[in-house]
Every structure is written in C-alpha cells, then in structure tokens.
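Next come two complexes, and both contain chain A; in the first it sits with chain B, in the second with chain C.
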Partner chain A sequence: MSSLEFKNVTKRFKNVTAIDRINFRIEHGEFVVMLGPTGAGKTTTLKVAAGIYHPEEGEVYLDDHPVTHVHPALRDVAFVFQNYILYPNMTVEENLAFPLKSRLRNIDEEKIDETVKRVAKLLHIEHLLHRTTERLSGGEQQRVALGRALVRKPRIFLMDEPLSNLDAKLREEMRTELKRIHREIGETFFFVTHDYVEAFSMADRIIILNHGKIEQIGTPDEIYTNPSSLFVANFVSSPPLNYFTIKKESGVFVVDEEGCESLTCNIKADTLQDGKRYIFSFRPENLASSLKKSDDTLFDVPAEVYVVEDLGTYSVITFKVNGLLLRQKHLGPPSAKIGEKLWLKLDGNFFIFDETGKKRVRE
Partner chain B sequence: MKIFLTILIILIVAIYIFPLFWMVSSSFKTRVEIFSMPPKFFNFEVTFKNFRRVFYKIAGWGKFAKEVPSEFPRALLNSSIITILSTLLAVTLGTLSGYAFSRFEIPGKSDLLFFILSTRMLPAMVIVVPVFIMYKTLGLFNTYLGMVILYTVFNLSFSVWMMKGFMDEIPKEYEEAAMCDGYTRFQAFRKIILPQTYAGIAATAVFCGIMAWNEYVFALILTSEETKTVPPTIAGNVLKTTGVNWGEVAAASLIFLAPVLIFTFLVRKHLLRGVTFGTIKG
Partner chain C sequence: MAQIRLENLWKIFKTKTEEVQAVRGINLTMPSGQLTVFLGPSGCGKTTTMRMIAGLEKPTSGKIYIDNEDVSNLKARERDIAFVFQSYALYPHMTVYQNVAFPLKAQKTPKDEIVKRVKWALELLGIWQYKDLYPSHLDSGTQQKVAIARAIVRRPKAFLLDEPLSNLDAKVREYTRAELRRLHIDLKVTTVYVTHDQVEAMSLADEIVIMKDGVIQQTGKPREVYENPANLFVANFIGSPGMNLFKARKEKDTIILGNLKIPVSHLRRYKEILPGYKESELILGIRPEYLKISSSNANGWKVEIEFIEPLGDEKIVDFSNGTLKGRLRTYRSTQVQEGEEVSIHIDIEKIRLFDEKSGCELLTMHDNEEVKA
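After this line comes the complex of A and B, so read on.
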C-alpha cells in the first residue's frame, strides 16, 4: 500500500516558481514517469515528494496520510539522484549497505551482507564491491546509485534520470531490468526523465511537466494519440512535429506564415470558426507524398524535396512548400530525391490547437 | 628556458632558506664566531652551549655564578596548551558554523559573515589596551582560559570563512541522499560531510595553530610568569645587561620553530589539497 499524491503543490525558490499548483496521484504499484524538458521542475517535484524540500503551498500524501512536513528519513522513500551522489569516503559495498545500516531499520549484519551481494549481482557490479567510488566510470557510478535504492524495500522509489549517463546499449538493458524489477517487487516507481522514448518504453502513465506546470497526464498511448497541447505533441515527436498557423477565411483554410501568401490548405474541420487563427500540426510519420495530385492533397501546389536524410532503419525527408518546411518520416531508405516535386497528403492523425498552442481544438 | 627556471627556483629557495640556515648555524656557534668577519658559514666549531643556556640560565656573579633552570620549558608548555586548545576550539566552532552558513538560510547571513570577518580588521596594537583592561576586570589576565578565549576568537573568523568555503564545495545532495537513506541531518553531517572536509580541517588547523603559536603582542601584555608563552619569553631574553646573546636567541627560536615545521610536514599532503580545494581536485 503505497500511493503518492500531490494536491495543489507549489514550490518557489526566491523569485523562481519551480513547480506551480501541481496535482497528481500515483497508485500503489504503478510505474509513473514524469517527462519534461530541462528546468521544468522535475527534480524539484521529486525532492518535494521525498521531503527534502518543503512546499510553500499544497499538501503531499503518502498512502493518503499527509506527509508535507515529515522528515525524509521517516518517509521511507528511496531516492536516486541525477548526479549519482555516491559517498566518496566509502567503498561501493559500504555505499550499498549504508541505507540498511540506519538505526531506523535495525537489520543484522548477515542480512545486510546478503542483500548487498544480491543487489550487486542484479546490477552486475559484484566485481566493484571493494573499490572506492572515485575511479568508477559514469555507468558504474550510476549502477551503484541505483543499487543504493534497490537494497531497500521503500514505500516508493524516486528516480531522477538514473539512466541518462549510460551508453545506449546499457541504457536499454537497464530499462528492461528496471521494468523487470518493478514487476517482481511490485513497488511504486516515480521516475523522471527528459527522454520521451525512455518514458514511453517504461511508463504505465506519463506526467508531462513544462515550466512547473502539468501539461498532461495519461498512458503513453493517450499522450501519443491525444496530446492536449502543442507542447506535448511536439515534445513526444522525433523528428520535430510539423506545425503552422492557419486562418479560416470564408470556409477556406489559408496558411498564415511568412512567405506563404495565398497558400491554401485542404483540411476537413467544419467546427472551426471563421476568421480565427489556429495551429495545425501533424507528425512526420503521418505525412505521405505521391507523384500525382488527388483530391485529398494537402496543398494546391506541389512540394519540393529539400533535404534527404537516411538514418538507417528510417529516413527523414524535408519538403519545401513556399516558405514552409515540412518533415516526412518513413521506414527504409529515402523514397525521394532532392529537387523532386511531389504532392503531399496526410495519412493519419492531425491535431489542431488554438492560436497559443495551449489548448486542443476538436475538429 | 628550463635552465633559466631552475636557476630562478634555486635563487628563490636560497633567499627563503638563508635566514633559517643562519639561525640554525648561529645556534651552534660561539658568541665570537657569530660576529666574525668574514662570516663563517660552515667552518666553525660546533657548540651546544647555546641550547644548554636555553634551559639553564646563569644566576649570580663571578664565583657565585651557578646554573638554574630557566623559564623556557614552562613557556613551551604554556604555548603548547594555549595553542592546542585554542586551535581545537576555533576549528570545531569554525567547522560547525561554516556548515550552518553554507547550508541554512540564516536571516542576515551576509551581514553576519561580514561582521565575523570584521573582527580581524583592527590591528592588535589598537585593541590590546582595552582587552587588557577588560581582562584585568574579569580576572582573565594571566590565565590559560583568557589566552585560549582570545586566540579562539582571533582564529574564528578565518576558520569560519575557510570551512564555509570547503562546505560550499560539497553538493548539498550528499545530506539529502543520506537523509533519504534514513539518517538525521546531524548523522549525515558526521558520516558523509565531515570526512570530506578533513583536508580543509587540516589546512585550517595548521594556519590557526601557527597564528596562536607565533602571536606576540597579546601574549606580551596579557600574560606574566605563570602563563607566558614562548615569543615574549625569547624576546625578554634578548635585552639583558650583558647584551644580546644571539646564539641563545637562535637556539631558543629553533626549538620554538621545530614543532611547527614537524606538524606542517606531517600534514603537508592534506594541506596542499586543502589549500587548493576546488581548483585542483583529487
């Protein structure tokens, strides 16, 4: 039984509001990932959850008990720090044993030893146990930091970008490993990252944070197919989302961007108001191109192939339509050559937001 | 270029070492040889009489002259007691308040820090008389307690500022991690932070110790027989009716200097790390 809940939590540093009236609830056994760009307030959120920072407003609940002003040691949470924070005056083994040696827990030596060995094995760091922490590589340090959390059975694991310094292969291995550990021990995980692929591959639910405010909470699928703001749609897109401003003029959509005078756009969206501006967007993977014009082409002029990138398993083609640059992503080698003129059309979802990009507008 | 540098270094070292060398050699010379012209650097007759005179002085005249123990051993003991206690106190208080200044939001923090620094701004000569009068009134004149308090207060500003600097270098996440691991802030400080500042503590202790050990003005005015430290004792022996016996002064100074040299040498590794903390890591 370990749920975590934030109710209207605000944390300020002098004149910076790091998190601003945040509300969310993580259920027992859930794996929730908080995703956001740098400076969004992710670390601050975790530290408020751990009791390291005390919020100016709002309440934090663990298992539905208010813990807003409870000391971190008494909250029984495990924290993996963004910058490892291994104790430099101790060996790897002593680092791993440190949380277990706390007087709060009263565990006997033998049991501590056994746990440390088991976790070291799990993380492939048995050979490092007697080394000091100073000369370890980044990846090794990160695994020791993870280990220091995993030796315990805390109420909740708080992890601040614990995989960011591992190389690609090890990172994927650790993702799978963490998911497996999560399944096995069934504890609650609150994991922070700025890498949306990581978030999508691990999360039961994702909380998207931007400038200290929650943009959206949902399952990876909901976030991907139903982003609630331009920021969310763009943040979980690679290559970046295609978007531009449109304006409805007597039933016809005109692109309202520099260098795109009198470029009309063929969109079926009857509910939008005449004379208002909107942001029209779609993912690079939902853009298609063909040699022939058809009645569902997006623009009434052909697009010119501008840049072609072959990225191995997939390709990115950048098209130029008047002043607009639009990206297409498709599997396999590039399907077009630079300079070619093709007709663009949409193959799948698109999203329309209000002029500011803050709110989704239903078509 | 390399040769030029080497010569330069030798020159600088020679300039710094020479007074020390002259002191050492003088302590082994007779009175006549100290003043001989041309000066004798190595080819003099070695005598230990000066060292004997440091510990046993001559009392009486002519055929009544006899050797009696001097006040020097007592002065050495006094210096040691006062230096060790005041250094321990200054470093302990400096470490604790350095941590507090580094970590906590204290109202008027920068003013407080400046105030602490300002306690060192007046020269000793200016405050020695008021302090003397206060000490007389409070009964602290010529006591160990008085001298320990005085030197502790004197070293405190240096110690607080040094230790705050070392603490600032240590990310606060260390305590945060230890607290999440199930420890109180004080346990975190003792088990995680303190061991990381040993080099800084060693450096601070050396500087505080040297200051207390060498201090002259206050020791001269505020102590007499029972608690007199070495510097005023040596200085008191300089002016005698028989003239300055430089050999004895050199011998006493050498004995006085030895502990400092030995101690500094012992902690030199920490010292170098402590002084360069934050610039050259590790």
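After this line comes the complex of A and C, so read on.
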C-alpha cells in the first residue's frame, strides 16, 4: 500500500504534449479513477507512474520518495494493460503463479500455492484453475489477467481500461467485483477509463483529464454537483448535457446560436453582465415539458419532439427549438411522441460558464 | 424496402478439434421498414446470423427470404443489401465526398445522379461540411457517419449494421445513437442492427431479438422485453443492473419472500394461473426501480443496506435480507447509509414470477402450453 504523487509532470512525444504539467496525489488505500476522452493522456499518465515513460519535466513520488528515474522493475507497481496477455498453453493456475515464480523473488512452492488459491477465490475463478486460458470466456480471461496483478503485493495497482473489451453486462458485473476486491484488500488503486459510469460507481475520487491537462479533481459527488468547466459537466452527463451560448441584451437573454435568430431565453441570473456572452447549460434530468405555456417556460416558442428513446428504466426525449436540440431524461416509458409540440421548463439546477466554457460563473 | 425472413437457420462451424453450433434453428420475420436489433452476450451468434443474411456466410441449413424470394444461394452482391461493420473501412486516399460516391460510380450511375445522391446522403447525416476532407482529419464518430452515408447512398433494400458504434468513445456513441434513430425514422429502410449494449438496443430498436447460445430467447418491442421478460436470462440481461431475482415459495394462496407474505389475489397478472401452478419453489423478479426505501412502513420488507454505488443523479443500493441479496435504484438525494436497517416497499404490479426449473416466466410458459394444447 502506497501513496502516489505527480508534481508538475509533463510528457512530450516529439511535438505532442501528451500530459501537461499535471499535479495530483493519491493517498494510501484510495481508489482513484482518471477519466477522460480518447487521446487525453490517460495511458501516458499510467506509464509515467509505472516508469515505462520518463517525463521531460516534474517529479513522481511513491510514498513521498522521488522515483522519477527509478527503473520500472524496482518500483514495485502492478500494471493491468487494456489488452491483457495470458499465456495460452498454460492453465489458469499456471498463469496466476507465473509472476511469483521469478527467480528474483524466490518464494517457496507452498506459499505460491496458497496465494494463487486466495486470489482465485477472491475473483471467483477457483473452479477454473485447471483449465487452459484459451477455453475461457472473455470475462473469465479478464479476471485471470487481474489475478496476475493481484497475486503480487505491489505498492500500487495501475489499471488501464481493463473492462473496456468486455461486453456490457460483464463490464457491469466486473465493476462491482473490482470495488469489492478493493474493499477486501484495501490497496491503492489507480484506474483509467473513458466511461463515466465506471468512474462514478467505483472511485473514491475522480481526476478528469482533457488534452493532457487536469480539469477537475473531486469525489463523484463534487464532480456531479459542482463541475468546474463545461467539459466536465458534459462528460459526466448521460445523455449529453444541454448547452448553448446566451447573450444578455438590456436585461433579456437571447440565444446566440446558428438558426436561433431572436430566440429569447427566460432565466434568472441577475449577476451576469449586459452585452457579454455566456454558456448556459443544464442536465437532461432537469428539463421538464408541458402542454401549456406558463410564466416559467424557458422559451417563448414551443419545442418539437424530434427523437424519442425508450431505454427501459428511462426515456430520453430530444426536442428541437429552432436550431437547438435539447434532451430530456425521465424515469419510465416516454412521455411524448415524435412531432408533438410542448413547452419546455427548467426543473432544478443549471450551470453558467464563461464564453469559452473553461470557467464556471456564479449565477 | 423489403421484408427479411429467416427459416430454421443453422450454422455449424467445423474445426479440426471441435464443432461450434453458432446459430441453432432461428425463425424470424423482419417486416419491411422495421429496425430489428440483435442483442446478446459475446459469442451468442449475432455476427454469424448477420453474415448469413448478407450472403458472406453460407448457412449449414435453413433458408433466407427477401420479399419472399429465396436468396439463400445468391451471392452477397446479388442481394442488394448494404452493410457497415465495427471498423469503418473508409478509403484513406479519398475525400469524404469521393468515399460516399464510390459505390455509385461502381454501379455506373449517371454523373448528375451521383452528385444529387451524395449530397442527399451527406446532408441527411449532417456531414456535408466535411465533404472535401480526408478520413484521417475526422474524429471517429464522423468517420463512422461517412461509412453509414456510403451504405445508404445506394438506397439498398436493407441495411445491416454490426456494432457500428462500439469503437467510438462513450460520449460520441451517445450522440450518434440518437441520430441513427432519427435517420431510421426518416428513411424507413429495413435494418438489422447487432449490438451487445442493451441501452443502444433499447434506444434504436423497433423490435429487439435477444439471443443466447445461438438461440432466440425473446422477440419484442423494447418496452415489452423490459417489462415482461420471457425468462430469467432476459430478465437479468436487460436492465442495468438487471432484474432482482429472488428465491420465493408458494404456500396455498400466498407467495413468501423472506419475512414478506404476498397474497396471490394481489398479483393481478398471475391470479388466474397461480392456483394451477404445481411447484412450491419459484423465482420472484422485480426491477431495482420498483423497490422503494420507506422508513415508516411497518409491514414492509426488512433489509440491511450493504453498499451504495453513486451514479450521478441516482444511486444503486445493495441490500440483503438473510440469504437474499438485491439491489434498488433511488435518487441521489435519498438519505440512506451503509449498515442501516430499512424497510422496502415493493410495487406489487411489477412483480414477475418465473419457474425455477425451466427459468420461464409463468404467464409466458402458461400461454405457450395453451398454444401447444
């Protein structure tokens, strides 16, 4: 069990800055998830932590000791790669025992056997110990790959999207499983993914990475209720966040988007400055609709139902208002039909950002 | 536009060491203009079925009809079907426009017709502005749209799409999904869509076909398979998390679930057939959102909260009652703590009962027996 800290770490590849002066600290026993889109620099961050890449700038600390120039083998970290490699002609048992059999470690047979059994039990694969790995389903193979990391007692577990090759249902099961394993063994986990549900359901804290820069660090709750940028708010919204540019003109908010000429927007945000542009946003679960116009309707024109998705637990209705597409999410079967005209209303929170979306503006 | 019909379709792959029964006797009619989604876990035979419809794989036995014409022995290009696969193979040295025009050129379509149709397809997908760019300059979502435009530009009788979104980022996938649904509504071309993502399936499908081990488990509208799964597999596979499945007992005219007794007369869906049901053990299914935490309910179901998983505006709460373990879905604002004892209210209308031995839902099983008799 260890802490991991990055201080001002930059890693470049020729002219690409993969991670750009990043700072974070992961405490002993914490489960931290780094969340970001493709190309954000997640894998690069993990590889710098493992010592596979050397940063151009900054320092990496394990347990408060600088390790920036320490060889990967001497850092004692376990890395679960996205594309796991199992030895196909070996049984599950042999695969699990393999990392322990290194001559460097010199562990006796009995001890190895005990560890393999313990980890197999933890992962619910005891019944598969004598099967060769090519005869396992995808999810079972994934657990063996995880097991190979867990048999060791590393200082920290680094996991690079270990669930993304699995089918949706298995991924869901493995999420719960990983969280359970983390609780049971209490080690430090650093996990990267581009799936926000994965991050929310497992993480003690989330680090949001975009274009090599950290956008926000916080608990799932903090990230959800208090996103610091438009990027963060949108990234943790499913379906995608509703947002558009507004401009205050003599106290009235007009929508400043293509195809929305003279569309006004009825919101209460007195502190915003006249003549300036802002980005107005709200989550799909905070949009409501009704047949009648009322004082608090968002626009002075009705919205047309454009797409209706019945997702079982929820439904998502996409509305079209002039050139804007806005989404509403509600529990149960869809409450509207394609082509219907309804009045939109806000029901709950909204967020306002500056024109670039980089900074939250207090309403 | 065309109706596609599969009649007792089998595919057995023979390798040196084993025989894989990938598709085992599929019967299915996909009406003209319908979007049918094949949904099932990895390895259940979705792609194999699709490849047989496309003519890329020869069935071991059975027949494929397009508009009542037996096409089983026609080559892929004689079937007038367009397909899009997981990895969009665009021509890297051609612009978006040239990529989409390519199939029309190959068909020797007149030039002004090509111009018209390419414009139509690109505008329909909202990517006209990228027409002069090369694929490598586009993000993955847009590249996949180009692949789809290239498939629709020929106006084929049917589209086959095999996990077209699964290589995309989670966010891009969500945007593209709704657009595909809208595209289908506008075009109304018979479409077969394969995925293992149930949210995608629910969102896109007119009808969902759920497969497991090469066999169809259930066919129905998204809402129907969600509310009334035909068996335990579907109950668990659809929904995230899936339906809670508890061991329960039937004693005379009550269903017993832990300390909870539910009179059969309260179960409207089952009250006609339950008296005739001979087994005493059965499985009670209920979706996580149809369970509510209620602090005041004295005769509710007593459980202990074990674990809370936050999911943004909601949370999933794991609970246990002795040997029974379940999950419920509630709002983020619900006050509840791990270790706490609470009482749970069950929405009785939403209870589904399953036969323990066969895994069949009781009403479905009853109706099937009626049909046979």
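Everything below uses one rule, namely that the second predicted complex is superposed on the first by the 331 of 363 C-alpha atoms of A that agree within 3 Å, B and C clash if a C-alpha of one lies under 4 Å from a C-alpha of the other, contacts with A are read in each partner's own complex, and residues count from 1 in each chain.
The rule we apply is simple: a contact is a pair of C-beta atoms (placed from the backbone, for glycine too) under 8 Å apart; a residue touches a chain by one contact, two chains touch by 3 or more.
This structure is a prediction, so every number in the text was calculated from the model and none was measured.
Judged by the number of chain A residues each one touches, C leads among chain B and chain C.
Applying the stated contact rule after C-alpha superposition, one finds that A:Arg148 touches chain B and leaves chain C untouched. By the touch criterion stated above, A:Ile125 is placed in contact with neither chain B nor chain C. In the superposition on chain A, A:Ala168 makes contact with chain C only, while chain B stays out of contact range. By the touch criterion stated above, A:Val92 is placed in contact with neither chain B nor chain C. Looking at the shared chain after the overlay, A:Tyr196 reaches chain C, while chain B stays out of its contact range. Of the two partner chains, chain C is the only one touched by A:Val307; chain B is not. Contacts of A:Val316 after superposition: chain C is touched, whereas chain B is not reached. Overlap of the chain B and chain C interfaces on chain A: none, as no residue is touched by both. Residues 37-38, 137-138, 166-170, 172, 176, 179, 194-197, 200-201, 220-221, 224, 234-240, 283, 285, 306-307, 309-313, 316, 318, 327, 331, 333, 338 of chain A are the ones touching chain C in the complex. Of all residues in chain C, those touching chain A in their complex are 41-43, 140, 169-171, 174-175, 177-178, 181-182, 185, 196-199, 202-203, 222-223, 226, 236-242, 287, 289, 307, 309-313, 316, 329, 332. Within the complex, the chain A residues that touch chain B are 47, 50-52, 71-73, 76-79, 81, 83, 85, 87-89, 98-99, 102-105, 134, 148, 158. Put simply, chain B touches chain A in their complex at residues 171, 173-174, 176-184, 191-192, 195-196, 282.
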